[in-house]
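Remarks on the structure that follows.
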Amino acid sequence: MLVNQRKLRIEWGQCDPAGIVFYPQYLIIFDTSTGWLFERTGLSPSAMRKKYQIVGLPVVEVGARFVMPCRFDDEVEVESEVSEWGRSSFTVIHRLKRDGQLALDGFEKRVWAGPHPDRSGAIQARPLPAEIIASLSDPTGATTIAIHDSNKPKSEK
Amino acid sequence: MLVNQRKLRIEWGQCDPAGIVFYPQYLIIFDTSTGWLFERTGLSPSAMRKKYQIVGLPVVEVGARFVMPCRFDDEVEVESEVSEWGRSSFTVIHRLKRDGQLALDGFEKRVWAGPHPDRSGAIQARPLPAEIIASLSDPTGATTIAIHDSNKPKSEK
Amino acid sequence: MLVNQRKLRIEWGQCDPAGIVFYPQYLIIFDTSTGWLFERTGLSPSAMRKKYQIVGLPVVEVGARFVMPCRFDDEVEVESEVSEWGRSSFTVIHRLKRDGQLALDGFEKRVWAGPHPDRSGAIQARPLPAEIIASLSDPTGATTIAIHDSNKPKSEK
Amino acid sequence: MLVNQRKLRIEWGQCDPAGIVFYPQYLIIFDTSTGWLFERTGLSPSAMRKKYQIVGLPVVEVGARFVMPCRFDDEVEVESEVSEWGRSSFTVIHRLKRDGQLALDGFEKRVWAGPHPDRSGAIQARPLPAEIIASLSDPTGATTIAIHDSNKPKSEK
């Protein structure tokens, strides 16, 4: 699988009175890390939503294990990759490391979801496009998806 | 003016490594306090949105002064009231007290906003309904707005 | 076990552009719900920290399953209870319901932790006090812990 | 003055059901932007705290004006600089731009604060070091502060 890496600095407002990261903040990091992983397809989030007519990637299950605390000012690295593809769902695993050592790991199981055809405001799982699976399964990251219309992602918003 | 009062307990996740509330958390408290103040009209947020066809009350200006820090486990009281009515904007002031002493105060200037008639996704300021002004200007809180259709707020969502 | 129940209103700032709760916000709700469960011992968080010389209840594992989305203005109920006691760790399970139906459930595995005797800033797992286990295992909630010194919890901060 | 510039991508979890950034999130951006501005002195936050024996830079006043909303996936730029130096306080102004246009601006008035000599847990304003003022007043950013002891910032934590 393609592994996306991000470097982050732990911020003051992410930490609690014990001086360590308040744990729900790590789930916010998971959420944005999944976003950056999916950009490795070559599509920005808004371009991906437009191209495939999806409303998002809602989370149906999440889990994390905390091995070592992180503190304000720590530089950390997040590695994210898809660990499993279902028909319309997939699981992303995240590893957060400090000085090369695992601080925590976790997963998000998400659904590829479009608007429900009948019920306004509701969503419906959709089959994952083969090219999305191919792109994020390629460890080299070379398989990116072309946008077939003439607009650039930024102008689509 | 009608003053709405809320009692809150400062939560662990609202505090920073110095052991005091991370200041943007107070603005989140302002936001929810304005929400509860407007419920004193007798309308839930969703009922108010439906009745007047507004999209929300976007903030155009905010300010706060921090006098005394609050810590995890502190019981605090928030007092909120409209300090000024414009044609389509208004200002809410908030005072947060601990043990009866002022910890911070601040204001939010907001706009009564509906969807823009021409530009999809954009908003447009609308004149404030006289009954909203009357209701939140009545210090006794007795002036509540009736919902004229037969649906209860909860069933409107 | 003792089940603690809280009623909450979903706030505007907890929701995302899809109009539903941004999932890490549920973990913040878990964290505060564990806090309120432990207050059923009769001890405030600061009184508990002082009495037992602990620094907190750090989370070592967390998980959640999302069944049904919640939206701004929804009234929800959270039920929390300890599902398992270890020697120095314990698991709290949380169920969040809307209109009596399960919206999500999850767990937090936490450690009863004091300051490390040798390493400044580090923590060490401690044996859970029998009276804490007894108090939160009593389904009636009648078993509360007396504070033996003359100070009230609020004056201890 | 020295102007620090950061480029950010607006994240999903920073936005509300109206699809725009929930305004307290901008104050979190202010807080981290002040942190990065002060790193232009050449000192990491932990190195600065150690060198000058301060506990932090608590905010005593904040204000912001919102001109134009930002949305998920927007690329924005934040410019931050000190606008005024007091004896022990200072004001940082922030401008957040999207596509070169001002989306919002604001300020934070902060205090250079050390531990109170007599009251445990309390803080006391301290005179701002001349070299900090000099470093952040130099528009070229060339005036950085040397760390005089042999430890590197990262090893001080």
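Chains: A, B, C and D, in written order; residue numbering restarts at 1 for each.
Following the convention adopted for this analysis, a residue touches a chain if its C-beta (ideal position, glycine included) is under 8 Å from a C-beta of that chain, and two chains touch if they have at least 3 such contacts.
None of the values given here were measured: they were computed from a predicted structure.
Student: Which chains are in contact with both subunit B and subunit D?
Tutor: A, C
Student: A-C versus A-B: which interface comes out with more C-beta contact pairs?
Tutor: A-C
Student: For the identical-sequence pair subunit A and subunit D, what's the CA-based rotation angle in degrees, nearest 5?
Tutor: 180
Student: Counting only C-alpha atoms to place each centre, which chain is farthest from subunit D?
Tutor: Most distant chain from subunit D: C.
Student: Distance-wise, how many Å sit between the C-alpha centres of subunit A and subunit C, to the nearest whole number?
Tutor: Distance between chain centres: 28 Å.
Student: Indicate the whole-number Å distance between the mean C-alpha point of subunit A and the mean C-alpha point of subunit B.
Tutor: Computed value for the inter-centroid distance: 33 Å.
Student: Give the residues of subunit D touching no fewer than two other chains, as numbers and ranges.
Tutor: As it turns out, subunit D has residues touching two or more other chains at 12-13, 18-19, 22, 24, 28, 31, 56, 71-72.
Student: In the complex of these two chains, what residues of subunit C are touching subunit D?
Tutor: 12-13, 15-19, 22, 24, 71-72
Student: Could you pull out which subunit B residues touch subunit C in their complex?
Tutor: 11-13, 28, 31-32, 35, 44-46, 56, 71-75, 154, 157
Student: Of all residues in subunit D, which touch subunit B in the complex?
Tutor: So the residues of subunit D touching subunit B come out as 18-20, 22-25, 27-28, 30-31, 55-56, 58-66, 69, 121, 123.
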